[in-house]
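Both complexes shown next keep chain A, but they swap its partner, so chain B is in the first and chain C is in the second.
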Partner chain A sequence: MFSLLYWVWIILGGILIGAGVHFIPVGGAPAAMSQATGVGTGTTMLAAASGLTGLIGAGSAYAATGGDFGYTIVMGGISAALMISILAFIANVMYVYGAGVPLASAKVKYDPISKWRQDLYVSRGTEGHGTPMSSFISGIIGAFLAGVGGALVYFALAASYAGIPGFGATFAGYPAPYYVSLAAAFAIGIFFLNCVMASYNIGGTIEGFHDPKFRRLPKSILASLVVSAVGGLFALLIVVMLPGGI
Partner chain B sequence: MDPQMMVELGALTLVGAAALIAGVAEDLESDVGSQSNPNSQVQLAPQMGYLHRLYNKAISGEPASYPFYAAIGASTALAVLSITGNSSLIGVFFALVAGAFVTSLIHGVYATTSYMGRLASQSRFGQPIYMDVLRTHTPVLMAHGFVANFSVLLLTWVIIAQHFSPFPFVVLAFIWGIALGGVGSAVGDVHLGTDRYYQDRPYGSGVNAAHSGSVVRKAESGLRNSIDCAWFCSKFGGPLTGLGFGLVVYLHFWKEVVVTGWWSVLAGVIIVVIFIIMNTYLERYSRQRYGTYKAEAEE
Partner chain C sequence: MAEGERSPRQLLTIGVVGGLIGIYLANYLNSTTGTAWFSFFAGLGAVLAVFWGADAVRRVASYGLGTGVPSIGLLSLGAGQVAVLLGLAVAMNYSIHWAAPIIALILAAIIGLVSGVMARRVIKMNIAIMERSMMEIAMAASLIMLGFSTTIAGGFGFDLIMKYVVASGFIIAVFIVGGMAMLHPFNACLGPDERQKRTLNLALSTGFIAMLVAGIAAGAINGIQAAVPTMIIAIFGWIIYYLRFFADTKQDAAAVLSTGLLPKEEEVA
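Let's look at the complex of A and B:
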């Protein structure tokens, strides 16, 4: 069923996804050469990898509880946070034991959380390496926000599509109902929309909330709002075209 | 212990093992093909005057190409199963093999066009296209891609069969493809990019940005190729990537199988806190063990 409340949730989810991406420490390609602080992959991809793992958690929670709002949202967030904490930790093991570099940031002199000195541990010609404490915590916060955002979008879409007659059915012997497939596909789409918007805003690498680039967040929120509003409306209006949609 | 939970934990162990193999194979595939982050160095090398015999394929970032492969493999497997039916295990197994096989063929096509196209565009820098590199490396990376994709399809199938997730096969395979690419790109690439490509530089330091593109081109004997890099990275980068992806998949479902409801959330929080603590110890260890790069007076 189409509902304006679901649309608001999608917009809110999109904003949370866009904001979450800014928290996630992304080193991009230079991080693979230990030239930049953060996890070594693209902004969009890292956020999507963690946030969509959160979506799997949210999907399981939604199905297990029959659509409990709070549980679905929190489960999405914590699953994403869990993914990025494992990913960043294993990457740090790689930096310390594989590349032999200490974890350090070049953007701040002292780590805002651990208060440890940073600049002396940055090797010559690089912008830091690995994911030190502040970036690690920032990444977990960001993945949590992105996971919650993804779960909100999924929840709104699943609740909307579940009301369409016949969409609770499954195909042949497979357990997934139609509405779950459709909601997951559209949730992935809206997730990518917001990740890409945010990644343009970041432009390459970011270390987390202590990075100067983090101040660009308000612009991203505005962009996410517009993009999610348009994308969400299209996703929700599909139900209008189906028999019994309204 | 609840017998149902024991069955689920057994299935979860299989899922974790498949994820581990997927991670190892994925990282080694990206090392042979020099895909993803360190590819920037291979791509830059001829422009800086360093001609090389490394395989240069960047179809896209790993977190974008692996969901694509996984979705193709899953669709193919479903197409096969729609004819044979999914009642027999051996039928499902061969459907997954068929899915991974079609995927590896498409992987091979993309790798070949990518290698030829990239190196052809570098002819102005004098970079030759080595046909023997193309002939020897492409089947190797297709084979690694086959193992990685089969493992992703297998773990997704077990997840669906055990009702761990309500998502459909193709969407779930797609999402695990992104996660696999993300882990492979973030973990394994560091071993290749920082260590293997710059083995002539002092160990224990990030690569100075001024040295970008000057990758090592000589091997222990003769000229270095990308299969040598996979051999080197299979000692640490590959297994660590496998461990990372295995942990991601295993712990994700572990917290939902062993406990249910809000206890799963609590279990997730506890695991995250444990990783924060371990990371703190790791960071402190690295600082104490390796020391500073410059004295405090120099700042």
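Let's look at the complex of A and C:
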């Protein structure tokens, strides 16, 4: 059944996804050529990689515990944070040992966490390279937030759809019932809506919470709020439209 | 708009009318004859929607999004997916089965418009055609999703799509492959020498690749009746339009030179 609480969770989840993207060190195409700080790919791919891992974590926790709220949310966050740390670490190994560049940020003189000098290590003409300490920690925080957001969206949708008559059935020999598939597909859709909005807000690249672009966060929160309110409402209206199930 | 290009309005008509006709033909011919031989019509409709969507992506992304072309494609697929399934559910609830694709199209336009307004007015992206483009891309995305889903399931009833496309997991394949078909052409062709004809020929070629994937998935659901015609048409379409794209590339290039084989070790020094 349609529950206002679930709608609020979807909106909150959307805001967390959008906010999380602001913490993730997205380097974009320049970083792929080790000319900017961050992991060398776009927000969509980076957020999708960690977000979808978060979703898998949340989904398996939801299935294993029979829909326990806390466990689902925490597993979503931890899985996403794990994925981004693996991504950033492996990218760092390749930057250091493959491209032969030190990890440095051009946005700050001293790394806010490790207090190490940065500007001396930035090659001329570039905006830093690799994922230094602050960006790494920031990425873990961001992926955790985004993973929690994605898990909230998934939980709200799965809990809503589980009540639709006939949605407990499974396709062929698959163990996952209908409502799990639908909730997962929509959680991915709402995840993309919010993370792309947030990536437009940061103009495609950001280093982490120490980047000046981080101050644009409030605009992204408003955009995520509206977009996930509409997307979430559409997703939840399916429950209203199928009173008799399928 | 350069000379000899198709106008946005012309492409919108091709996409919407072609997409809807394909989806309706597939659904009603299949249900009237009780077979799945006509599923390929929906795939063709989706290819036309790819044709339109790729041009909308091309128009908005040529302003420079700052995040790469794929972002807008995936955003609209996310919007289109929610719109399609809600549209099908609304049609089922009010027993207006025939209206499902049109309702899905309208709902996709609403989500697309909201995203466009947010991107332009709140996030303040300096792109004048943002609202219209996001709306068009989300609508094209909904037709692509619905078209390929209808190819796989053999019809567009909520129960059919839910069972054969969503619960079977093919929806993720449709999501990513359909999105790629729409966003790849401009992503591959962008630059100062980009030309609409070349980009759109590539769009048709990628659209047919996506149709091929839908054909394979349809084979798992409806057997050879759905798979064979869809896959044969998709393979021929892909080859024809890929060769056209290749010819366009050669025509647009300043010169086509052979670089020869890699030099031997002693020649390098």
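Criterion: the second predicted complex is superposed on the first by the 242 of 246 C-alpha atoms of A that agree within 3 Å, B and C clash if a C-alpha of one lies under 4 Å from a C-alpha of the other, contacts with A are read in each partner's own complex, and residues count from 1 in each chain.
Just so it is clear, a residue touches a chain if its C-beta (ideal position, glycine included) is under 8 Å from a C-beta of that chain, and two chains touch if they have at least 3 such contacts.
Note that this is a predicted model, so its numbers are computed, not measured.
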item: Combined model on chain A where chain B meets chain C, clash or fit; value: clash
item: Partner chain in contact with A:G150 - chain B first, chain C second, else both or neither; value: neither
item: Which of chain B and chain C A:G139 touches, first, second, both or neither; value: neither
item: Which superposed partner A:G28 touches (first chain B, second chain C, both, neither); value: both
item: Chain B versus chain C as contact partner of A:L193, first or second or both or neither; value: second
item: Which of chain B and chain C A:F234 touches, first, second, both or neither; value: second
item: Partner chain in contact with A:L222 - chain B first, chain C second, else both or neither; value: second
item: Chain A residues touched by each partner, larger count belonging to chain B or chain C; value: B
item: Touched partner set for A:G20, first chain B, second chain C, both or neither; value: neither
item: Chain B versus chain C as contact partner of A:G204, first or second or both or neither; value: second
item: First, second, both or neither for A:G76, with chain B first and chain C second; value: neither
item: On chain A, positions contacted by chain B and by chain C; value: 28-29, 42, 45, 48, 172, 174, 176-177, 181, 185, 188
item: Complex interface listing, chain C residues touching chain A; value: 65-68, 70-72, 74-75, 77-79, 81-83, 85-86, 89-90, 92-93, 107, 110-111, 114-115, 118-119, 122-125, 158-159, 162-164, 166-169, 171-172, 175
item: Touching residues (chain side chain A, partner chain B) in the complex; value: 28-35, 39-42, 45-46, 48-50, 52-53, 55-57, 59-65, 71, 74-75, 78-79, 81-83, 85-103, 114, 116, 119-126, 128-133, 136-137, 140, 172-177, 180-181, 184-185, 188
item: Residues of chain A defined as touching chain C within the complex; value: 28-29, 42-45, 48, 169-172, 174, 176-178, 181-182, 185-186, 188-193, 196-197, 199-201, 203-204, 219-220, 222-223, 226-227, 230-231, 234-235, 237-238, 241-243, 246
item: Chain A-facing residues of chain B, complex; value: 36-41, 61-64, 82, 86, 160, 163-169, 171-172, 174-175, 178-179, 181-183, 185-195, 197-198, 203-212, 236-237, 240-241, 243-244, 247-248, 251-252, 255-256, 260-262, 264-265, 268-269, 271-272, 275-276, 278-280, 282-283, 285-287, 289-290, 292-296, 299
